[in-house]
């Protein structure tokens, strides 16, 4: 039953800019079950959004280009689809919520218009029916007084409300996959809680699979089953959500978890990951984390570690699992 | 809100760690833009021509050769006179070369006057706000309400005779609001900058804040604005000359020459008007390309909001 | 008449150099307005193309009482326009003009409330001063002896009075219409007796006139005049290229004072010398007519500023008038030797004037204390116009040759006039085209010390002998005696050199070949009347 | 109002560095260009009182727009308050003249949230850090200034050669260090840290937090630490104040506040924070609605529109900021001194049930 | 919306007052005595004195200003020195011709400019884009009178496609060349501004949202991006309209077009101060009104203003 809805195989999306090539996503693979939920975490600029946009095939081109890999959605490779075919999928089978609720809605159209647009396009409903549906969706995402609100403009709504509208819009055509790119980052804690609560509720109601992109490890913990940790365009670790917190297998993940202050724990002093995120124009050779890694050895500087299954369903890309020997596999 | 800046800001980390300086970055962007470089070449070329006019020009621009040789009246372009001659047998090539001085002088002086008034008033308004701002904003709106050319003409005609000084003063008096408005906007934005607040927090006075923290940071848009304006002023001089209100003769201003020669356009002696006209066009083009290039390179946003 | 049988119909299309400032002849002072007014309004006398006086609304006149009474016999059957502006009836209803109308008109013109800028032309009419100052309530010196007899009494004998009365301000006006519109608006609704009636004036665009069906004049074969159905004056600012284009495109039929760039093109073709400086070219671009015009172009010295006669003379010797005229205005003028242009009675063909003699000029300058070590610096002020600029620049170059530094100063006409009138300018451009064809209009008006300042003597020339001579010539009724006096006076003026004499005006006109009966009048193209012209289309 | 004076948090000891009383800042909303008239006010800060002791960190938390930054700026007198009192080491800050205010700038400093906007891009790092030294004549000459700049760079973990560079050549965390160095240049006693780590990536945040803590220890600094991240505040602060719509709703020591939050808003806030531990299960309070606009704050208790426990009185009367227990101030009608406060959830921040959760490995603060 | 409109209107009042003040000052610093100018060449002192009294020039300056202001709001701008025409009449007579020209140029410039701008933006960095933008920058660089003369030379004299210059009794062919001349600048300017503002709009987050819905590129560009991009374009359109009111001076002179520009030039040449003053005041007022319209039209494009 756990059929794959989405599978990324060695996805590579590069940006060819004046200053050089940015390997924003450089061989990312993961999979998502039908109705499953996956969190993608990582620091700013590690390629989370680019991964999501690649799936949607919304990479600005130029300068961006999917240069390799496959995006298998329902077994079909989206990377090879024609633009017209993609349009049928976007907003219909795969939809997306963006980080900035303030700017992601068009200020000159009513929220109703903007929701109806996708409904009319994909569901072939007429205007009146589409409006009904839009109101229904607004009700679903918990917007009070949806009959009135449907005719309001984005600027008349608060950030939280707008994000609800975005969610309503994304869900309006019953997508099979919902990609949420930092849906709560721009929101206040109490509003964030509302939205997370809403998403949790909708997940069970709508049944869409979810990819949740965030840099907030707390949000991931609350909402998804599986987690992918990215660093500098690469997946460094992936596993289920419990294991990632309990037994992180990559020094980066470990460092990350240790460096954030936590509400339910008291620490004398925070751990730090020294150094900075590498420049995308000059990625370190070998393991991209090696300049900041406390465990780094010579091999890390030259050989890129493969993503190894270090435990059942727990993958990590670090030489430490091979005792820093390139060829040694672990069970 | 905090989190949104976070993402935006963090996005830059990656880009900027490379450690290119603002200037070199802009320079690189500028020199990659072929049109911008063309603009720069034109402008620099013109400045050189203006500076070395006496050495470049083959003849005295005022010398009327036709008295000695009537054939040199309205002579067509030739090797001896590449741009031809005018009615009096003055060498148009030399006149166009010397015209560079006048045109650039008008452009530069008008820009200086404009910028001086504009920056002063704009800074006052933007920095002190309150009634000073209200007053200056009002003045800006008032002056801005006058159709540019008409107002310049109206001012010029107050004076009994036209002169170079009057022309650029009139231009300055009329066209400062643009730069003042921009300066004011930049000031309002800049004074909200945290580094300005930080400077105040460490005890910096108004003077330091204006001259060290705000002005240097708004130079780029003003440079762009001034460059584009210079092109506009050269054109304005041409329009004024055409209407008969420009720089008085025999000063070889391009606008004057182009308009003196305009009637000869239809009688076959096209060069009298066309040559200075082309000079105007190339110069304005140069300033426009340079301004556009600077804007793109310095990443100054289009002045759409006011 | 030699040009075939006249055809009726057609519209005369012509250009005006600017929007006419004034169509009310009482206020019009410029040639553009006059050009239109000549078609609508009529004077007692007019100038024939040869410059002689001819009867118009007066059939004849008589001078008596030692030159102090002038009596006009008026033509019968002259009517004001009955309709105007699209056929709307005029207030006067097209009634006949009588001597009373003339009396009213002259009173109106000289009324101080009306403030006509040309009223002073007839300040010799008895009672003028009293009326102006408010002591009298009317102009005493003009009377209607009967319906068709009009008499003027002058305070002193004034020989050129008939010439003055032919000036285009002194036309008969229909009292009803003037009063209907008032002095501000009659300008926009002019009504007269002329061959053409006012139809429409679209500001800055066009003035349209239509044929006056009730016009009193017939041609020699008894055909009703005018021949053409109307006139369309297009306002084409600045003349120049646009006017030329319009002519080329056939949108106008005549170009007055063809601009220099096109001159070589219009002087192609067959040249006919008609004598007295009249020339006619029949070329591919049409018929080009040229004739001397009663006007002089000069640079005035303010004799109170440039006091040294030698300097003034030196400059007169320093310029090569022929070369200048040839280069700058295509040779379209005669070098000026003195004050009086050829068309004026009293013009002295024998006058020696100044020839081009740079050495003599330098010599005189040296005597005056100027030389290479102490060059003469002078500023010439002229009013904004390309033609003036061109001559000024040429002058500048020529004076350079004798070591004089001339600075050019271009100002607007109003300012120019103002400052020269007040005597603030040392060296200034001026031109004078006769108001009436008499030497008085030049020598007395421009150089007699009575007229220093705004009256016309901008040079502030003050020479007692000259004054006596010109005053005497004014009062004399003996034409030969007058001419003698004027020639003597002019000699003094040339010797004293209050002016830098430049040239005598020449007028020219380019017309389409199908235009018939077209003559260039004595005052110049602007004084043309189109009542006889017909189009061979 | 005078009777309520005692209710305001006021430190008894002379260890008090900063005392803030009834601080108010209303930003006027004006219309019109010339004849501008005030049509309303943003009540950004509307009666805030607290104190900070020497060497102490007071955390100030609250949602966006509740007036945290405005409070910080008022304390430094970067903006003029509408009303209220700020006393620093016994000096009335608001009464200071121009020169005295300048002198005060040596005592109090600020570091900002945005590491990009807070450094003048056209000045070298050396000039940025050296500017306060120049202004306050803390260096006799250029050499001395440079020497001091190098020291400061060293203190914040940067190298001397960095002084010649421009801000954009640094990463966010490094820039934040430069900001700290500038603040330290004058040897201040109090630093207002306005969300100093919010803009930083998680892996960088901890570097800056550690630095701030180290500096506090080394120089005896006091911080007014503004943040919206409750976990960060919990880590760094000694006492914590919670702000809602221009008012403080609760102020207590860290332990008290996190373990025993009295105000319903504090409780909701704590329960809303996602905890990066899937094993931690919590009862959540989800507040409904949005934060009202500070230009039209609700009557009575400003929180009543979103408070699940609101009663009639809450809509009418603005609750006083009273001391519910020693050192623990709350502004809530439902909180009575000495009695347990209202409870939205059993333990807002803490762990309800753990199945072998790592949380239990740290006894003490986290447990219920 | 109504409140917004009203507020903008009220804000325009002080600006209008300022305009009147500047015009008044402009006029009262004119060197030389206007009464003398009016009295004409031979005006005697009595006449001048009478005219002075008539014009109120003997009153104190503030009173003169008050009178002037009062006349200005009644559109009583005095009479021309030259022909005594009511200045307001003189202006109103010229308005239709200028309006025709300005409207035609705006339509041409606006339409072509905006369309070219959009195409350039969509086809960014293509040969088409480069060509259009180069043409635009060249178009902005050429002196206006020159463009006009060359057009006449080429289309009227050489090709004879156009029967001539002038108002041509309202025949539209006559409008072609002056319109082309006057429209060059706004066309070029609008093309540039539309392009950059489109490029900016296309980068916006909500455009990405629209794409994520599966909308076709055409809908995304035309519906979502353009409407937002038009806001700065409207601003430029507004200021350009106003600038054109000044720019007609040159164009109308070149083409003998009987509009406001000609009136102004003639007035300048004759120092007909009442006309100069009246027209500057009139056009400034039109400018203020145009700005007001532009501001109000924002509300059409931008609901954020509508619901202010």
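Observations on the model:
Letters A, B, C, D and E mark the chains in the order given here, with residues in each chain numbered from 1 onward.
In the analysis below, contacts are C-beta pairs under 8 Å (C-beta built on N, C-alpha and C of every residue); 3 or more make two chains touch, one makes a residue touch a chain.
To keep track of the chains, here are their UniProt names: A = Peptide ABC transporter ATP-binding protein; B = Peptide ABC transporter permease; D = Peptide ABC transporter substrate-binding protein; E = Glutathione ABC transporter permease.
Here the structure is a predicted model, which is why all the values come from computation and not from measurement.
Note on connectivity: the fewest chain-to-chain touch steps from chain A to chain D number 1. Under the touch definition stated at the top, chain B and chain C share these contacting partners: E.
Each chain's centre was taken as the mean of its CA atoms, and the one lying most distant from chain A is C. Separating the CA-averaged centres of chain A and chain B is a span of 50 Å.
Chain A and chain C, compared by their mean Cα positions, are separated by 91 Å. Chain D and chain E, compared by their mean Cα positions, are separated by 54 Å. For chain A, the set of residues that touch two or more other chains comprises 43-44, 100, 276-277. Each of the following residues of chain D touches two or more other chains: 33-34, 64, 171, 201, 228. In chain E, the residues that touch at least two other chains are 14, 32, 149, 157, 253, 265, 268-269, 271. Interface residues of chain D facing chain A in the complex, by the touch rule stated above, are 63-64, 171, 173-174, 201-207, 209-210, 213, 228-232, 234-236, 258, 268-280, 284, 286-288, 290-291, 349-351, 358-359, 362, 364-366.
Put simply, chain B touches chain E in their complex at residues 35, 138-139, 141-143, 145-151, 153-155, 157-160, 231, 235, 238-239, 242-245, 255, 258-259, 262, 265-266, 273, 277, 280-282, 284-285, 288-289, 292, 302, 304-306. Those residues of chain A that touch chain D in the complex are listed here as 43-44, 158-161, 188-194, 196-197, 215-222, 241-242, 245-246, 255-257, 259-267, 269-274, 276-277.
Within the complex formed with chain B, the chain E residues making contact are 14-15, 18-19, 21-22, 26, 29-32, 134, 137-138, 140-146, 149-150, 153, 157, 193, 196-197, 200, 231-232, 235-236, 242-243, 245-247, 249-250, 253, 264-265, 268-269, 271, 276-277, 279-280, 283-284, 287-288, 291. By the touch criterion given at the top, residues 56, 58, 86-92, 95-96, 98, 100, 103-110, 114, 117-118, 121-122, 153, 155-156, 166, 169 of chain A touch chain E in their complex.
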